[in-house]
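For clarity, chains are labelled A, B, C, D and E in written order, and residue numbers in each chain start from 1.
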Amino acid sequence: MITQNIPILVPVIYLIAAAAVPLLGYKRTLFAFCTALFGSAAAFCVGIIGLISVITNGPISYHISGWMPPIGIELVLDPLSAFIIVVISGSTLMVMMYSMNSLAQEIPDKIVPFYSLSMLFLFGLSGMTVTGDLFNFFVFLEISAVAGYGLLAIGDRRAPFFAFRYLTLGTAAAAFYLLGVAFIFMSTGTLNIADIAQVLPEVKDHPPVIIALILIILSISIKMGLFPVHQWLPDTYTSASSTATALIAPIGTKVAAYFLIRIFTLYEYPPIIDILSIVAAASIIAGSLLAIVQPNLKRMLAYSSVANIGYIMLGITLATPMAYIGALLHILNHTMMKFVLFASAGGIMNNMKTLDITKLIGFPTVMPLTAVAFLIALFSMVGIPPTVGFFSKIYLLLGAIEAQEWFYVAAIVLSSLLALVYLFRFISIAFFRPYNKSDDKKIVQVDGPPLPYTDLSENNTNKHFEAMKKNDMSPSMLFPVLLVAVGILIFGIFNGYIVSIISKSMPVF
Amino acid sequence: MHWLIEFILFFILVVTALTALNVRNLLAAVVAMNVFSFMAAIIMVSLGAVDVAFVEAVAGAGVIGVYSVVAIRLTSRKSQD
Amino acid sequence: MLEFIQDYYAFIFLALLFTIGLYGMMVKQNLVKKALGMAIVQATVIMFWIVSAYKDGAGIPIFDKRYGVENPEMYINPLPHAMMLTAVVVAIITFGLSLALIIAIYREYNTLHEPELLDQMKDI
Amino acid sequence: MSDKPLTEKIPRYCKGTGMMAPTDSPIVHIACRGISPFIFLIGLYVFFHGHYSPGGGFQGGVLMAATILLLRLSLGTGLSQVVMPASITLRLSAVGVLIFAGTGVITMIFGGDFLDYHFLPLPWLDPAYLRYYGILLIEVGVVLTVMTTLIAIYDDLLGY
Amino acid sequence: MKTLQYFLLLAFLGILVGTVIHLPPRGDIDSPVHQTVNPAGTLVAGTYYIQHAYKDTKTPNMVVAVLADYRAYDTLGEVVIVFVGGIACFFILNLRRRKP
């Protein structure tokens, strides 16, 4: 039963976990946690089985309700989507481990709906990944988006407002998408992606089809947070609670990027792709520049997310094998490093009561193990050799050289140098300023909006100082962070295996 | 002349949409929005989509109206633009 | 000319309505107005699909023994209707969620006017 | 029936929250309480007759939710708890989702694809009628989820 | 700023109107949506539903047959989105156990 039904199993496991959480977690929140953890672990295992079976036996096409594709809905599990499934379910498993203590510190009265919403968010994302139908993609896009609006709306005071802005923007994006699909449907009469690929060459220069492509790409760019429409991303990520950010920031934008790969392999319209790669380059440079000037740690990480999505996008649009490998490797890299960074940021917020970079003096003294993981992830962000980030950037550079696009080579190199700048800015403040007692006031002084769930009234200087000496994150939060940080190094050293998996999914260029 | 009726309904749709967006009293805006939903439902009936029209009439004009009135009652009723 | 109007008036009206909805979301500064603009945009896209399903001279998509099924011109295409039922539900839920967010915002800031909200956020 | 006015029977948590206080008008009470079972009946008709006429799970669910919303609006949230307590709405809607997903999982266990009603374990039925009853089965889940969730959103908006 | 927004909206309206007049007209029986077979040779879903829905499911209302059988996965998504909305509103607004 398992090998036959793998494409549907991952979403269904998440769905059943999501529906079971409010039923089981009614009396004790621990049951809710166990359900979510068990569900995400099961989904991860099924994802791994799926990846192995797809690599050995070739892609699986699954027909819901037993109807053949143009009639019913088709699910497709090829090496590419299986890879994405493994990445997102693995990241979720880590976040679920991390969330047990962090939720109790941040939003103790909302644990049960949080777990239910996070499982539903994953249901949406995994459904988006495996689907082979344009309208079905819309439904799952909306599921993950609505769950995301809910998750991002709790945090500090400003969170509901930014979530509302994100909601209006995201709904406009969904409407654009649906309009584009309507144009395609009226020109071809079908919704199945494989079917559209067959019919489309006959109506390729029909104006509605071109406008539909533009509308779909516009809506997916909004969901990805590319440069001109990126503003929702730093706003919501900064104000939301850190567990929600650690859940959404690593995986929320990747699936949209993956769907663009699916769209591009179907039909291409060269001017749009040229414009899109320019937008990606602009996104890389603007994201890095804006990240440098941010005083808030989470905001800086969010802007670097914009830059990293630019890398992925550039790798997709360059359309050379090397760039494609680089883009997919960067998806893996970005997921792992953003999890480590945002999860540690949550720990920093809890233990040091501030996220202002200039006030993080003595951070490695206070949280030594977190600091190590944080440093590894930052190295991966810049691209320093033993980490995955180095190899993904090398592949992207080779791809850009292969395509003879020197402007993009310059953009990648420049952005890496800019990332080096904010790495050094952070290190020089946090690591090389010696910790002494006269800095105490600086650390304790709280800046930025007070969070509703942190009790700041007890912030007595002495007490705080004593707590600082040995105040690392609790083991259940530290374990997944360290695990992923070690994973960054291991995947970097053994990146050949991952590249061999990725190159199985390569479309013909 | 079947299409002429639909043409007039579409025109009412545009008018109610502009009213809903430009009137300063939010309660009036919500009522205009309900009229919009109901007109949309009538157009859907005229286009043969009875099921969708049913949902649009029951939920779009009914439940959404209740929700909006509750929300406006709990927040403020005036809009500055 | 009359032919053209008869063929395309629905699409042109819907394009106009889509733009009106976007105008509500972009230009209007009250959050409830933004939510209403959102609802208009979604309703417009739904009607766009419904128009695409329409056939001249066909009846509603419910099986009728008098017509049989051999002749598909007798029934309107049911596929867009089924999909748009889903889309209507999505629209309703999104609107409800936006109202929930509006109430949460009003609890914190006591206003729904966007420049005022941004103003209050500046000093913290 | 006690002789106290209705407003005194409101639980403490209803006071001071705007719309939750019910009206005292007996006409409104009798009208709303009298009409709501009939709307519920129409909802059931729309749901079960959905195979033959416009209607189905979602429309029926919204009509049934409208019944409870009518009671909530006229009697106030406190008094209408008897009909549909606010504490079970979301759990009932989770049950509805589980009914839908469970149908799919059952067909999967009995050897078919997800939601392939042909493989429902009811061997005495025609294949076409298996699909007929499969549709009815999942619409039960739809109706339960839609009805309870619309009520739950109303309660949440009021901050109940 | 407002002028720019109005300009953008007008440009968008122009593009949209320029696009929709290339679509098949309203009610056209010859549009690709209403054919039996695609140019590529595969079946067109809408016509297939009209011809086979009653035979396959014994359900006269074709919309319900499409909604709950042929495209049941979409309906699962629809139900889940209702559930997500309920849970999200609960998550955002519940004050029951919150300390003042």
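Just so it is clear, a residue touches a chain if its C-beta (ideal position, glycine included) is under 8 Å from a C-beta of that chain, and two chains touch if they have at least 3 such contacts.
Model, not experiment: these values are computed from the prediction.
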Required steps from subunit B to subunit C (each step between touching chains, minimum): 1
Given subunit C and subunit D, the chains that contact each of them: A, B, E
Which of A-D and C-E has more C-beta contact pairs: C-E
Subunit A and subunit C: spacing of chain centres that average the CA atoms, whole Å: 29
Chain centre separation (subunit B, subunit D; CA means) in Å: 25
Gap in Å, rounded to a whole number, between the CA centres of subunit B and subunit A: 38
Subunit B, residues touching no fewer than two other chains: 50-51, 55, 59, 63, 67, 70-71, 74
Subunit C residues counted as touching two or more neighbouring chains: 6, 9-10, 16, 18, 22-23, 51-54, 60-62, 80-81, 83, 85-86, 89-90, 93-94, 96-97, 99-104
Sequence positions of subunit A contacting 2 or more other chains: 15, 18-19, 22, 64-65, 135, 139, 142, 146, 149-150, 153, 160, 185-186
Residue numbers on subunit A that touch subunit C, as the complex places them: 135, 138-139, 142, 146, 149-150, 153, 157-158, 160-161, 163-164, 167-168, 171-172, 174-175, 178-179, 182, 185-186, 448-450
Residue ranges of subunit B touching subunit D (in the complex, touch as defined): 50-51, 54-55, 58-59, 62-63, 66-67, 70-71, 73-74
Residues of subunit D defined as touching subunit E within the complex: 50-58, 89-90, 93-94, 96-97, 100-101, 104, 114-115, 117, 128-129, 131-132, 134-135, 138-139, 141-142, 145-146, 148-150, 152-153, 156-157, 159
Residues of subunit C that touch subunit A when the two form their complex: 18, 22, 25, 31, 34-35, 38, 41-42, 44-45, 48-49, 52, 80, 83, 86-87, 90, 93-94, 97-98, 101-102, 104-105, 108-109, 117, 121, 124
Interfacial residue positions of subunit E with respect to subunit A in the complex: 15, 18-20, 22-24, 31-35, 38-40, 42-46, 48-49, 69-74, 76-78, 80-81, 83-85, 87-92, 94, 96-98
